[in-house]
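So that you can tell them apart, the chains are marked A, B, C, D, E, F, G and H in the order they are listed, and the count of residues begins at 1 in each.
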Amino acid sequence: MSDKVLMKGAEALAEGAIQAGCRYYFGYPITPQNETPEYMSRRLPEVGGRFVQAESEVASINMVYGAACAGVRVMTSSSSPGISLMQEGISYISGSNVPCVVMNAMRGGPGLGNIAPAQADYFQAVKGGGNGDYKRIVFAPSSIQEGVDLFVDAFELADKYRMVVMVIVDGLIGQMMEPVEFKTRIDVSTLKTPEWATVGRHGRDHANIITSLTLDAAGLEQWNLKLQAKYAQVELTESRIEEYQMDDADYAIIAYGTMARIAKTTIRIARAKGIKLGLLRPITVWPFPAKQIQTYVGKLKGTLTVELAYRQLFEDVQLALCGKIPLGWYGRGGGVVPGPQEILAAFEEQFGKGR
Amino acid sequence: MSDKVLMKGAEALAEGAIQAGCRYYFGYPITPQNETPEYMSRRLPEVGGRFVQAESEVASINMVYGAACAGVRVMTSSSSPGISLMQEGISYISGSNVPCVVMNAMRGGPGLGNIAPAQADYFQAVKGGGNGDYKRIVFAPSSIQEGVDLFVDAFELADKYRMVVMVIVDGLIGQMMEPVEFKTRIDVSTLKTPEWATVGRHGRDHANIITSLTLDAAGLEQWNLKLQAKYAQVELTESRIEEYQMDDADYAIIAYGTMARIAKTTIRIARAKGIKLGLLRPITVWPFPAKQIQTYVGKLKGTLTVELAYRQLFEDVQLALCGKIPLGWYGRGGGVVPGPQEILAAFEEQFGKGR
Amino acid sequence: MAEQMKVIYERPRSWANKVTHYCPGCTHGVAHRLVAELVDEMGLVDKTIGVWPVGCAVLGYDYFNFDSVEAAHGRAPAMATGIKVTNPDNFVFTYQGDGDLASIGMAEIVHAAARGWPITVIFINNGNYGMTGGQMAPTTLLGQKTTTSPLGRTPQANGFPIRVAEMLAQLDGPAYIARVSLDSPVNIRKAKSAMRKAFNAQVRGIGFSLVECLSTCPTNWKLTPVESMERVRKEVMPYFPLGEFKVVEGVL
Amino acid sequence: MAEQMKVIYERPRSWANKVTHYCPGCTHGVAHRLVAELVDEMGLVDKTIGVWPVGCAVLGYDYFNFDSVEAAHGRAPAMATGIKVTNPDNFVFTYQGDGDLASIGMAEIVHAAARGWPITVIFINNGNYGMTGGQMAPTTLLGQKTTTSPLGRTPQANGFPIRVAEMLAQLDGPAYIARVSLDSPVNIRKAKSAMRKAFNAQVRGIGFSLVECLSTCPTNWKLTPVESMERVRKEVMPYFPLGEFKVVEGVL
Amino acid sequence: MEHNVVIAGFGGQGVMLIGELLARAGMEEGKEVTWLPSYGPEQRGGTANCAVVVADEPIASPLLTEPQAAIVFNRQSFDKFEPAIEKGGLLVIDSTLIDRKASRADLDVVYIPATDIATELGNSKFTNMVLLGAYLGKVNPISIASVHGALSVFLTGKKAALIEVNKKALQAGVDFVNKK
Amino acid sequence: MEHNVVIAGFGGQGVMLIGELLARAGMEEGKEVTWLPSYGPEQRGGTANCAVVVADEPIASPLLTEPQAAIVFNRQSFDKFEPAIEKGGLLVIDSTLIDRKASRADLDVVYIPATDIATELGNSKFTNMVLLGAYLGKVNPISIASVHGALSVFLTGKKAALIEVNKKALQAGVDFVNKK
Amino acid sequence: MERVSIDEERCKSCGLCISICPVKILIISDRLNARGFRPAQCTDQDKCTSCGSCALICPDIAIELHREVKV
Amino acid sequence: MERVSIDEERCKSCGLCISICPVKILIISDRLNARGFRPAQCTDQDKCTSCGSCALICPDIAIELHREVKV
């Protein structure tokens, strides 16, 4: 047990980012993830990095944009309203083909809402958000340990594909404490400055220019086609899912993050009652693991999508299964997190006793 | 013809808003819709209204928020990056249950992109955007005249449902000139200040408070359920579609706005060649006219979704038709607008000669 | 000759008589009370709209008997502008913390001040972000430890603090700008008279007014309320001097 | 005794030798040239990163031989901060119009200045929004007609203009702040020497520097280039006086 | 019946204006019209063009990927639009400014020294009207009289004095193609 | 085996701390643990609670809608959590501060005058430790020794001096329920 | 009616009134109110000079002041 | 080599150099360059005093200046 430490999620995720080679953090306080910037403000100077408290989330994401252009591992984090303010910046970063990581500790909405756990920024993260056609890889860890581990992948994939990677959690993961182990440590001295980075020419035979502007429509379309080709590649290779007790399952709950975790308890209770329930847990919500879920067509009698939102994840499930399996839905809003029993009740209401 | 005037779209839409009773406009310049604020700056003082050039789109939408709380007809307009900056504000306005109208003259993206026509903010308008679970009614006119007419509905529905109504157009509609007629003129003196408006108590027995904050999760969930019930009602009653040459159609193009208009020429050419092609044109993209489109299941051999974006509208078509009709897609990006012939070529590539 | 009770001090009528959620000794309560008193004294309860910030005062609207709205973080001046423009005869004020006003809301406050349109701003400078747990604010003093300047603020790591009143006083727009302190009865009296001028600047249609109030945050300063008052006098005032920085003609 | 040609003036080496998209007579070109000359003279081409605005100078990156990035509208100071923090030895400047810097980007410029970290800002004050077709800017003079102040700017309808240099000079952060004009050879020479000081303030690690350049927009002013220069002298300078507003020790 | 044309040149050459004139005249005749502009990044100078459609029926696409006609004011526009015109279409060229010849054989091409003609009429600024005249001399989407009517909407106040010379320039263009 | 408990009271009563102590002690014993806090809007004062789970297997839900036990520090928390506890569960009450009795008959209820006991030990600040002791005296998710170990992680430097009195308070709680 | 009347349920025991009372008649009581605070109390109503300082500084509007006057 | 050499393809005919030339040797020519502008030209190279004003004010870096010196 000696390698495990008991940490708050928001701090553990920050340390996870540092272990993944992140040395620059720009952010603005917002509950429920204040411990992330606070931790960064203590730790980054210790590891030769820099923490900057920006004047706003708009400034944060644009500072991230600048640092990303310099080819370093950089991140910001915030919660729902703050992430809304970053949408223009995220669109610019995506349109400029530079990498960064953005964490959203989602809270109750819309508007100011409250600081309780929610998953209602799903659409924003995977569909809309900023302007134009762009995608970000979106990881949705369901435990602190998984979040810490995924941060390594987040930075690796951001660099590999030169794109924004989002990590979406909720206040519950951010605020809770669990033992966590830091398994991978990226040695930042091995990270090379990419050749496209704007770090000064220093003898390079040409100037590097990073922009999301292409005035000519044909040129911008070509640029978009490049981005689309990249996204298609990512869709093909990077979607991930956890399949829990699916071997003999008659029914599956489809849920991610905190809800998936609570659903595991539901499944335990259901199985004790003789209902063969399993869990399909998207680890990436974009790319959505549609292929993996589709393998259950013909095997399942039904799925229940469970989310802390109103039919957002559900749309992706609909797109994936398109009426080929009966689709149930159960969602809560405003920061209310249903317990395992409530989920079971919803299941039984929609699918009877599961026979 | 005497009632028709030749106007630039961006100006005609501004006048349309004024005819619909809009007396307050807050905005920040951005191409391709600068003529809208410029027109407002000339016209509003003439009709006893106020034009305010805000310091940014963030300020614009929050000024709109303030004026909306006062129960007046108020709007802002912008283009893609500017609309991205408004997402927090739109979420607040939605979460506070106050009405306003927002116009987006969409341009090429992502990021700064360019100023050419695009439809790539579809997801932002109808799915994601800001934080939390909220919806806005989204009108997508395909001519200046229709835009002008829809502005009346936009303000009426905004007031009726106390919600944000968006009007999405593109630079093409904004910049072109067409003859236009102003058919409806709302007499603002007949508009009553709603009883929830924060206009000072002036003898009222209680203070009005407008907020999107509900700290208690159960309370915020109740609030969300109210919003969801409203959205369900809107979905039931407010979706609109134009069905063009659908009576005998074997195939349909599904497109909105400018693309739908160009597609009409495609249909003319196709029919001349003997291809029975029609058009399903969503006038509201939220609520999406899924029900109306579904009536063609069994009648059509295929649909071709055409958009100035990469598979955004297409997802709503997929959700509506769910594999029940073969679905083709043709999209362009970066501000490139395909001509009627290119659309036809795409159709023939995907559906052969249409027999 | 009978005896009767004369009122020396009674709870203001525009005060909604609830117990606030503020920490013990926090001077947000004092600033609230002064607002309520002035609204009473100036007869404004029927035409006031309060614009509340995101910050510890987020629930401010619950504590008063006049109309209120809750702004997005930092955007109260924009929202107030939207409200004032539609009903110019109403009395519209914003109440904002230093994170709200001087950090995320800097563009909005500068532009509201520059425009010069008659709205009133009560600006609570408590040197940190109270609501979110004591992070650094633009007003945090050099050397001051906060949860995001754990070694004490330095120019190199955190940049310099901002004196808002002095900066805005440079603009042509404002009619009245002052800095007051809520640390003692005498300063609270002065604060109220500054706030009265600020209210008046709006009521008389002269222009934009702002009163920056040196305030305490005992919880995050990790001091007792009494020690906090002491700190305002000893540490805060030397960097943030009290005074009137702009008074245009007609303001009284 | 042979004759040889001595160079009086040649195109700067860090200039990428393209024809700009600026309108005839627009002094954006002059400001560009001064940047190129100073980058040459100070030997900075290898370590410069230019941060370009959204505005007429949006394509600025095409015209120089050093690394550049294109910022979101108004956010150049934030982006520059991100760049500078990762590579403190580089020379990082932003180039911003008055819509970009003084309107939408007000929070970012105030905070970059307040932080005081060594980045350099070239601020083009041409009194309107050039790129979008001549709308009102925060620097538009009272009485000036623009496409969004069609009757001429008034305080009541449009608010007062903002003097950025004076306002930022109030802050503790900046090392150097000046206003110059590009209207004549003599003022262009002075502008260059102010810009040299500004560059130096960064190169020597002293702090934030900003040079506000009174500039022209003949197209939207609807004046000839020569008349535009005249207007700068007659109408703009009286409201926007030239001078150095902040020079901390060590800046030269 | 639908007539459509692309008019292209540098910003400042009055390209947009004659397009709008055409559209306005069409509207006055009770026709359906659309006018669609397209600009380069420059505020002044740079290329600009507009597409005008005049028709009896509601106009579907205002965007012309294969225009029936093009009026070109400079070399860049010539190069860009010559290939786009539909088979058998019309190309009107200011031969004062463009020294190249059309390479397509299937077009009806008018070479008119419009700038020279305008200069003779007093100012090269009227070049656009000469070119519009040449176009109208070839096809008849609307009558010259309607253009005259539309002119008076644009040229009001002090500018009204310019109506006559504009009409002359227009007529010079008509005459040039007719006498040929 | 899984043990879980909700600890609830005013902010400032040390509610969160004893939860964390429990979790940390569990972790030191090699168990799976989760600690989940919940706050009201107030920065100081106001209610706060945390949910702690200690288990041998990976913990699915850290959220306790039906906790096995609750330790309540004030009347509000008592009112809120009494109905939630699972059948046959445990309720530990500071009877110094809460004068009400439990209304459910199916619970094991401990009324302990924890504030009084702590005050006797020198400071009412140790009330939380007394209550934790009472809980640990009833159920055994982890050993008292592990809690002692965890204490030394929290109380370092100058505060190390407080370890002994904390241990005493803890023991007083254990003793209270054991002697009963 | 008391000269200094402190609403015990509003008082949060911050001690500010006590610190500024010129005649030192305010103390923290040892009762707990419903919200867990020990409210301030006045030890000697008659000594109150009606200076108003306590009411001025109380952040919770817990103090009201009156004074008997001969009519 | 000319003293005042004006790159005609860069010149946008703004006239600023002409307006400030102290010896009045610059005029607008009547040629059109490829971008449709009539560039400035120098009417008398020998009169140029190398004051540098035209190069200083030219927004298009169209002007380069040289001067023969005896070596």
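Throughout what follows, a residue touches a chain if its C-beta (ideal position, glycine included) is under 8 Å from a C-beta of that chain, and two chains touch if they have at least 3 such contacts.
Everything numeric in this text was worked out from a predicted model, so none of it was measured.
Undergrad: Which chains lie in contact with each of subunit E and subunit G?
TA: Both subunit E and subunit G are touched by no common chain, going by the contact rule given at the top.
Undergrad: Sort out for me whether D-H or A-C is joined by the greater number of C-beta contact pairs.
TA: Answer by contact count: D-H.
Undergrad: So the centre of each chain is just the mean of its C-alpha atoms; given that, what is the distance between subunit D and subunit F in Å?
TA: Using C-alpha averages as centres, the distance is 62 Å.
Undergrad: Express in whole angstrom the distance between the two chain centres, defined as the mean CA positions of subunit A and subunit F.
TA: 34
Undergrad: Between subunit A and subunit H, what's the gap in Å when you average each chain's C-alpha atoms?
TA: Centre-to-centre distance between subunit A and subunit H: 59 Å.
Undergrad: Report, in whole Å, the distance between the mean C-alpha point of subunit A and the mean C-alpha point of subunit B.
TA: Centre-to-centre distance between subunit A and subunit B: 29 Å.
Undergrad: Among the residues of subunit H, pick out those that touch two or more other chains and give their numbers.
TA: Within subunit H, residues 12, 35, 37 contact more than one other chain.
Undergrad: Would you please write down the residue numbers of subunit C that are in contact with two or more other chains?
TA: Residues 22-24, 58-59, 70, 72, 103-104, 106-107, 110-111, 131, 133, 138, 158 of subunit C touch two or more partner chains.
Undergrad: Which positions in subunit B touch two or more other chains at once?
TA: 55-56, 58, 81, 88, 92, 96, 111-112, 211-213, 215, 337
Undergrad: So in the complex, the part of subunit F that touches subunit A is made up of which residues?
TA: Contacts found on subunit F: 20, 23-24, 27-28, 30, 32-37, 59-66.
Undergrad: Using the touch definition up top, name the residues of subunit D that touch subunit B in the complex.
TA: Listed in rising order, the residues of subunit D that touch subunit B are 54, 58, 70, 72-74, 99, 103-104, 106, 129, 131-133, 135-136, 138, 147-150, 157-158.
Undergrad: Quick one: which bits of subunit C touch subunit B in the complex? Just the residue numbers, please.
TA: Touch residues, subunit C against subunit B: 16, 45-49, 51-52, 58-59, 61-62, 64-72, 75, 78-87, 90-91, 107-108, 110-111.
Undergrad: Quick check on the complex: what are the subunit B residues that touch subunit D?
TA: Where subunit B meets subunit D, its residues are 28-31, 34, 37-38, 41-42, 45, 51, 53, 55-57, 81, 111-112.
Undergrad: Within the complex, which stretch of subunit A touches subunit B?
TA: 58, 80-81, 83-85, 87-88, 91-96, 106-116, 118, 120-121, 123-134, 211-225, 227-228, 309-310, 312, 315, 318-319, 322-323, 332-337
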